[in-house]
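Shared between the two complexes below is chain A, which has chain B as its partner in the first and chain C in the second.
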Partner chain A sequence: MPDQESLCLGIDVGSVSTNLVLIDDHHNIVYKKYLRTQGQPIPVVQEGLASIEKTYPKMKIQAVGTTGSGRQLAGAIVGADVVKNEITAHAVAACCFQPDVQTVIEIGGQDSKIIILREGVVTDFAMNTVCAAGTGSFLDQQAARLGIPIEDFGEIALRSQNTVRIAGRCTVFAESDMIHKQQVGHSMADILAGLCGAMVRNYMNNVGKGKQIRPPVLFQGGVAANLGMRKALEEELNCPVVVPPAFDVMGALGAALIAKEQVEYSNQLTRFRGFGVSERSFQVDTFICSHCANHCEIVNISIEQELVARWGARCGRWNVKEKNSKYPHSDSAS
Partner chain B sequence: MKITFPHMGTAYIPFRALIQGVGYHAVVPPRCTQKTLALGTRHAPESACLPLKINIGNYLEAQQQGAEGILMAGGIGPCRFGFYGTVQKEILQDIGIALEMLIIEPPQQGWSAFINQLSYLTRKVTKGEIAQTLALTWAKFTACDRLEKESLKTRAYEATLGDTSRVLHHSLELVDQASSLQMVRQAVRTGLTSFKAVAKDLDREVLTVGVVGEIYTLLEPFANFYLEERLGELGVIVQRQVWFSEWILHHIVLSAFKKRRNGNLLRLAKPYLTHFVGGHGLETVAHTAAMAKTGADGIIHILPFTCMPEIVAQSILPEVSRDYQIPVLTLVVDEHSAEAGIHTRLEAFVDLLHNHKRAFQKASKGVETFGKKEMYPIA
Partner chain C sequence: MTSVVGMPRALAYHDYFPFWEAFFDGFGVRLTASPPTNKALVHEGVRRAVDGTCFPVKILLGHVHWLIENGYTTIFLPRFVSVAPKEYICPKFMGLPDMVQATFGTKAKFLVPTIDLNLPKKCFYEQIQTLGSEFGCSPKQTKLAFRQGLEALRDYRDALLKGRWPANSNSQNADNNQPTLEVEGKKSLKVGLLGHSYLIYDDFANMHIVNKLQNMEVEVMTVDMLPDERIDAQSLAWPKRMFWTSGRRILGAAREYVEMRIPGIIYVTAFACGTDSLTAELVERTLRRESPIPQLILNLDEHTGEAGIVTRLEAFVDMLRWRINR
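This part shows the complex of A and B:
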């Protein structure tokens, strides 16, 4: 039982989901929790911590890392040892699962990325910039429109006999094209498979453009659960696409791995505030600094009236001095 | 008459000196903010590139502060910048803003027009005063660039976040206030001394990154989401490859006399791109190769969305990156870009460069690097 053991915690606060992962000394996942963020990162992180505490009341946390678009906020709440961007976190997790990985395709709720690695080192990456077509949110929305549970989306798509071609440049046009194909009388399976194909083409043009995609290819992020997307990717890339068992929490896994390294390397005690955090009250308030024309939006995070973090300023005027860190919230590797 | 001009990094300092030197009142537009961009975006064509939109915002904000005329540069070649002045003039006319626009076309367009425009601008002052003004303006251009260059080196090592930027702003203010060549020189000396005095953490593992691309997005921090400051805070020495003073020297002074511009540099671009494509497209390719040769850890290429010359360069850079084994990150900015997205990419790129550097050093030495435990053996 991992009760007495010391484990490392990784938290990935994304646009759609918030994931928590506990890993042991051998980088094995002993616990994972997938929660919907629903625009409320603080209560969701607190909920996640509370459920960990309930499962393992005596466990000790050795290190904590946060990642995802809400990484700074989550890091401030729990007292993270490492606040890491999601690209690095995904790459680290992918390498841990398959050390010879050369390409990581990650499709999440609102963003998609590609990471190119050679011999365990990231050599190139890209994230979607101008378009969020082909990400989880759109597939969610279409599944809801068609009245099928998102969990069944992929399986239905796999049953397709004659995939129809759907316009994938823009999600609005993709939707109207799908409606048209439905009205012409194509089957649900063919339309869903066509949609997967369109999303993959969009991904390749947007994110994968000009990248040297070589096997082994890992497919991770929430959308990797969709078998139809996986098959469409395999057809497009003409090589097998591996979905790791922990595909939906790879970001959190990466954050936990990096935090573990960092704490072991620096020989410091974790800055984790303890599970009590889940019961304390957090205040977030914002104000606009009028010191110069930049009009930065400053965010204050406090626990029971005590200021614990602040960000948003372009200059150093509002920095909170932190005791244990030379570079507060610094994200550089060293 | 009160004259304004568009912002472009620190160029407001020499521009102010130039306009005041030829006998006008200079109205420096308020610093670029989201409001500036929102104003510009409302009135500019959607598909125009980002600089044009920010320029329009600058004019409108300056007009509220009493500006009556605009000084703008023209241009030749395939880059759309050449039409900026004319298009902006029409936009302002359409929305009923009465601002007189003086567009100075470069002398390559024809010396007589160039001289006519200049003599119109300088009609209030004597030849001696013109010479003095040009000398002071030029001194301020080089002073600003000198100070910025120093700040880029200092920031990567600063022990307290924000110290370097404070010194930079203060010394730029001194340059702005200087009314003689001697005062400019003094301001630079004071600035350089203060940079030396900034508390530094010399143990920090720093990286060197070359920044290349379209000149406006390179020079105007608002347009590039304060790229250089953010990189400095992440422990990166930024080597910006395009400077206003050098641009003037190469593109206006030397090129007007048909002198070869930076031939040695451009030769590096030869295997990939053999001719001028407008803007800094050719230079971007050449600088990337040159930076790789000098041992930079990586390159960041920045361009406004729809910038043709830089799109040409962007399609070539992957090849240069492979040949010289140097990582390249391309950032495309426009009014829809989000600061968080840019910063996530910068952070990830800095991680990539650290790991790349370690892997490379390990491979070349065959032993563990730095004599300490690897941070991310798994990455």
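This part shows the complex of A and C:
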């Protein structure tokens, strides 16, 4: 048991899920937790920390990294050593799992990305632009509309004999197309497989446009759980698509790896606040600064009334004073 | 006669304000610009714009609104058609004065000279003379004022060429013109920006991209920091001549960046920009085919959430450093 060992923690706070990962010295995942964010990042991160503490009461944390759209918030409350964007985190994790990876396809709840690597270095990437049609929420919505649990989606889609073609440009069009296909009597399996195909086409047109997709291809992010999507991708790309065992926590894994490297490189002690964080009370309050016409939306994060982080301002007016600013802001939006 | 004239700090302002300021000064008129773009101003612009116009035009309407609200009775809004023979400006610039007057009606007097260098030069000088006579200026005096304007414009462009940022920009200060940033452990990194000046120099519209890059210890270059001769030469290397001046400069700069072996290129564009729909696509496809230099396209619009921009910039800079350190 890794009870006495020192481990590195990675936290990925995404729009849909919050994932926590612990890795050992050999970069092995010793613990992983997948939680639904449900719009409440702070309690969810606290819940995750509490469950780690319960499992490994004596464990020591060597470094902490956060990533995902809530990386800044998570970084402030746990005391992260590194706050990293999700592209870099996913690329690092993919390289760790398969060093010769050339393409990473990541489809999450509200965004999707493609990362092109050559010889272990990111050479190109893209994220979805204005439209979320090529992301997990699209599948989520359609599954809900058809009344099937999202977990069964992929398996049902695999049973398809004659995939129907569904317009994938936009969720609204896809839905009307899908209803039409249902009304004329196509089977559920064929329609679900059609949806997977539509989503892959949309992904290729939007995110994968102009990219040199070469094997090995890794498929990660929550949507990689969907076997129908994996099959549709393989058909589109004409090559095997590998889903790593930790596909759903790759962002968190990447954050842990980067934090580990950073702390070892700088030879510093971690800034981790300790597992006690899960029991402390955090207050988040926001206000609109009326000092100038920009009306910035300022966010304050405090632990038991003590201000620990603040962001949202376009100018330096609201910077937290030096004594409180031991948090990694250099890498953040503040 | 009016002695103070207002000019919206948007669109053509970023390229030509020093010229007009010195020109008006030549006959004792003070040309004042609206303040740098801010949220309230954008809000007013968006409220008044017809949908389907691009973000920069909405910003301009906000600036005009500000000028009217703040008591400017005369507003200077030249109609830019062409600033170089056989080239044009984005068509929205041509219709802009009409769009503005249709929106704001007679709340202010609009001075609208037509700048069209595609016509014989005589027509352009006539426009300038008419402008002068509006303020009771003799032809000779106007001519002098015009020369004064040209001088100011040349100084402004020289300053930009030397890497100084326009004074209204919060980015790297004009006086603080430090050479390359050598940061311990990090090799200096240069990124070339492509995009229209009204996006690159408007910190609010571009969500402080330049500041953000500089905070990541990245040295930022713009199209205006490249010598005109290079841009002209490089723009001829494209299979077909681009007829929009700004687009032509962007295409030229793109090739010059490639020749300089700049580590990364960021194309900043506004959602629904008509000319960029061609230029950005051309640049992206051609460079991807012909050079290994990574590019990032940032599409700006009215949203004020910066997370998307920050993630892309950070990932891009990480990638460039990763490549360089190899």
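As a working rule, the second predicted complex is superposed on the first by the 323 of 334 C-alpha atoms of A that agree within 3 Å, B and C clash if a C-alpha of one lies under 4 Å from a C-alpha of the other, contacts with A are read in each partner's own complex, and residues count from 1 in each chain.
The criterion applied here is as follows: a residue touches a chain if its C-beta (ideal position, glycine included) is under 8 Å from a C-beta of that chain, and two chains touch if they have at least 3 such contacts.
Here the structure is a predicted model, which is why all the values come from computation and not from measurement.
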- Simultaneous placement of chain C and chain B on chain A, clash or fit: clash
- chain B versus chain C as contact partner of A:Leu257, first or second or both or neither: first
- When the two structures are overlaid on chain A, which partner does A:Asn238 contact: first (chain B), second (chain C), both, or neither? neither
- Return first, second, both or neither, reflecting whether A:Asn85 touches chain B, chain C, both chains, or no partner chain. both
- Item | Which of chain B and chain C A:Gln161 touches, first, second, both or neither | neither
- Now for A:Gln305: first (chain B), second (chain C), both, or neither, which partner does it touch? neither
- Task: Using the superposition on chain A described above, determine whether A:Gln183 touches chain B (first), chain C (second), both, or neither.
- Result: neither
- Item | Partner contacting more residues of chain A (chain B vs chain C) | B
- Name the contact category of A:Cys96: first (chain B only), second (chain C only), both, or neither. first
- Message: By the touch definition at the top of the document, which applies to A:Arg314: first (chain B), second (chain C), both, or neither?
- Response: both
- Item | Residues on chain A lying within both footprints (that of chain B and that of chain C) | 69, 84-88, 119, 121-125, 127, 129-130, 210, 292-295, 314, 330-333
- Query: So in the complex, which bits of chain A are touching chain B?
  - Reply: 69, 84-88, 91-92, 95-96, 99, 119-125, 127, 129-130, 210, 257-258, 261-262, 265, 292-295, 314-317, 319, 326-328, 330-334
- Query: Which of the residues in chain C end up touching chain A in this complex?
  - Reply: 35, 38-41, 204, 208, 215, 271, 284-285, 288, 292, 294, 299, 301, 304, 306-308, 310-312, 314-316, 318-319, 322-323, 326
- Item | Sites on chain A touched by chain C in the complex | 69, 84-88, 119, 121-125, 127, 129-130, 210, 292-297, 314, 330-333
- Contact residues on chain B for chain A in the complex? 30-31, 33-35, 159-163, 165-166, 201, 204-205, 226, 229, 233-235, 305, 315, 318, 321, 327, 332, 336-337, 340-341, 344-345, 347-352, 354-356, 359, 373, 375-379
